[in-house]
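Chain naming follows the written order as A, B and C, and within any one chain the residues start at number 1.
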Amino acid sequence: MIEIAFFSLSILAVIFAILVITAKNPVHSVLFLVMTFFSIAGHFVLLNAQFIAVVHVIVYAGAIMVLFLFVIMLMNLNKESEPAKPLWLKLSGVITSGLLLLVLTAVFRKTVDKTAHVLPNPDIGLVKNLGMTLFNDFLLPFELSAVLFLTAMVGAVFIGKVKAGN
Amino acid sequence: MNYIYIFTGLGVVSLFLGLLEKEKLIKYLTGFVLLISLGIIFTLDEKGSYFNQMLLADDLVNPMLKVLLFLGLCHFILFYNTGEEFKLPTAEYTALFCFILVGAIVVTLEFNLVMLFLGIEIISIGLYIIAAGNIQDEKSREASLKYFLMGSFSTGIFLLGITFIYGVTGSFLLSDIKTVSSGIPEGSSPLLLLGTLLILSGLAFKASAVPFHFWTPDVYQGSPTHVTAFMATLVKASVLFAFIRLFNQAFLVTSQTWQNSLWLIIALTVTLGNVTALYQTSFKRMLAYSSIAHAGYMLMGVLVPEDPSYKSILFYALSYSLASLTLFGIYFLLEKKGKADALESFRGLAKQNPELAVLAAISLSSMIGLPPAAGFFAKLNIFTQAFINGYTLLVAIALITSLIGAFYYLRVIGLMFKMDNSVEKIHVGLPFRLIVWVQVILLIVFGIFPALIQ
Amino acid sequence: MTELTFKIIFIIIIFGLTLLIAMYSTLAERKVAAFLQDRIGPNRAGPFGILQPVADGLKFFFKEEIIPSTSNKILFILGPCIAITTALMTSAVLPWGPAITINGQIYNLQVADVNIGILFVFGVVSLGVYGIMVGGWASNNKYSLLGALRASSQMISYELAMGMSLIALLMSSGTLGVREIVEQQPGFHWNVFYQPLGFLIFMICAFAETNRTPFDLPECEAELVGGYHTEYSSMKLGLYLFAEYINMFISSAVMASLYFGGYNFPFMNELGLSPNAISIIGSSVFFLKIIIFIFFFMWVRWTIPRFRFDQLMHLGWKVLIPLAVLNMMLTGLFILFFKS
């Protein structure tokens, strides 16, 4: 049962991810990306981490992608044209990413883990345990990510002000 | 750790002061805090591990913190007026400056991959933004966007590497990674190997080593000069400090595999950086390629798996950063005079501004590695250590390329001392003059008494 | 009766009730409007106009269906579907009454008692905006697009304040499960008395999230024709309008259960009634509270004029969010000093 769910979610995630990059229309891309996030949220649910799953949906699908969509719609990017790239660029892109794919598959094939992994604590993904870990073991990274977000926020103001000031 | 609190707080305070439009106060406060914290760190050593070994301050990284804070102070005073000239919002600019400094400190003290990642992200995001400080200029926008796109890509690769390492070792802690991976025979865990290589490429991007250097010339050229100076000195130094910490503390066991890759990266970096710099006509672009080359030399220190490598990298980073800051500062003055971004702008500088010309000449000779300046011992240290550890071929390449590199530095010196009467005099402010002199004197002092640092 | 069959029957009942209430909300809206404007309102279809919603529904089905030829057909149809689906999904985590006992077996009157219930509500609500955005964009009409953009920016802005006001509530209740939150408010210990500011912010945001007056700028007729559903007709338009009423019902239910004790009523345990009687009375009380809230929604709609768009953003970002943060800090301080 869980395996079926796992594989169908994985297949969906991969299919949607491929559609994201192949869709010509940016709005479609964004919507497919939302679907990809949903499939990934499903994986979190399978791992008994409902909190992360829901936060994933709220943050990524509900906030970030809406803003994405917002920008794309405002910029009216729905023209189905893209600047043509030279052939050698495309070719080199294909070759390098093909190589990366090769290396990654080779690595994963070699590291097949035959031991069955059991989570030491299956409830680790629940809100309470997550909060405990976050605010005890990982307090400093948590606080520093606040600095990170503050930097990004100040940056947005900075760019806005630089533009407005001149 | 305390400096993280101090500078985060300073950033937030300056934002609030910006709300009250107390722009002068922000500047004085920032300078004051930088000075005070520099005073504190020279009297009190930072020691101990913080928050379950997220950060670890020990004798090895303490001098690095000192260097970072010192460079921060120098940079701040050198360019303290830039905000007004570029019409940048002072409060936000200062806040970003502080946050980037926080990121640099985190990266230097890092003892946990999570912290390394966060620190690098704080630095990068701050830089993406201030690189666009000159937003009317298309080049500045291009620089920012290019840096942002490529930087996020490299961050993704870096993160992938971290997950692989975590998958193998089950920990983010550097010492744990080392213990676990030392139990794994060499080459038997491709996942660990790939993780190491991905982290290596992610960091090499941030340190602008070939073949991950493509962003460097464009970004260095396009960004406002004070930002370029920041990237080339403080940020680059902190990334290299992170490099040595990470590879010395976590990956020693897998050494053979990543060392070969790093060897190749270094050889490519020093060659390509120096050779391409020869063809540049733009001064900033030339310094960009030179900074690529210097990153290559500094990375040679990472290959050496002993404690002295910390010191040699520190010494190199300090001498390179001092020289580089001086050069960028002087170039900044020329730029304010409306000179184009070209080597030709330096023509005849010695006629009207012999002081600046001499200072620039000393800095350039330090970059070449000529004896009276610190650059000589910096290179000597790194090269001898690499040589002792058996990297003969690499040292040979490094020596040849640094000889090639001497050409383009000498060309600038030659241009400066060509007499040209059309040059007008440049007024030099007092704080600027003070800092530039301090930097150059330090260069010479360290060049004569290198033991001061060791 | 197994747990599963009960759940299925229960889901169908909740589904039906939601649709029924949403249906009659349309009638109630017009009746309330008439009452507030001193008119009679619809009274032709059936006694007191009771069949009016049926007539309206029939009308929607028989109207001509128009899909603009330049629009994106799939997304155009997908828009209202997303809107109605997300609107209906939220009810899954709300407890509709105390547990009921049938043949000695206890059944919870809740579809899914997940421990992150309130976040689930949030997640689904935050997805609701896609229905509007996709529909507005696919219409290929500038009024629709502007309406959609307004709707999304409004919903994102107010979601922040809403979440922050809720955090204070979560801090004091210490759980994310809706049933537990409701159970913590027995008798008259309603959260609204402990979190008055939080409730106020939450309610204002709920108005904005449902695009109701005074925040109905996305469909502001004077400026935007019909807003995001300008190009819609027939039942697709009906679905959008219906989704709005369902949202209103659900947010009333959420407010009632989070801040007004849900199915709790005073002297619930002192009256000595049998559990099943309590269950039935509790559910009725819950629905009564919901209906009062729905009436409040309508009352506001026919009383208060619409905001200007800059006023809306100003209220959201510069008033509600700082207030919510303040509320959060006060709650935190209170818990720190008085509860531990």
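The definition used in the following text is that contacts are C-beta pairs under 8 Å (C-beta built on N, C-alpha and C of every residue); 3 or more make two chains touch, one makes a residue touch a chain.
Everything numeric here is computed off the predicted structure, so don't read it as measured data.
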Handout entry: Dominant chain pairing [most C-beta pairs in contact]
Key = A-B
Problem - Most central chain, judged by mean C-alpha position against the global CA mean - result: A
Completion exercise
Cα centroid separation, chain A vs chain C, in Å, comes to 30
Fill in the blank from the handout: When centres are defined as mean Cα positions, the distance from chain A to chain B in whole Å is 31
Practice task
Return the distance between the CA-based centres of chain B and chain C, expressed in whole Å.
Solution key: 54
Handout entry: Contacting residues of chain A [partner chain C, same complex]
Key = 27, 31, 34, 50-51, 54-55, 57-58, 61-63, 66-67, 69-70, 73-74, 126-127
Completion exercise
The answer for chain B against chain A in the complex is residues 4, 8, 11-12, 15, 50-52, 54-55, 87-89, 92-93, 95-96, 99-100, 102-103, 106, 112, 114-115, 118-119, 121-122, 125-126, 128-130, 132-133, 135-136, 189-191, 193-194
Fill in the blank from the handout: chain C contacts chain A in the complex at 75, 114-116, 119-120, 122-123, 126-127, 129-130, 133-134, 137, 145, 148-149, 152-153, 156, 159, 176
Completion exercise
Residue positions on chain A within touch of chain B in the complex are 103-104, 106-108, 110-111, 137-141, 144-145, 147-148, 150-152, 154-155, 157-159, 161-163, 165-166
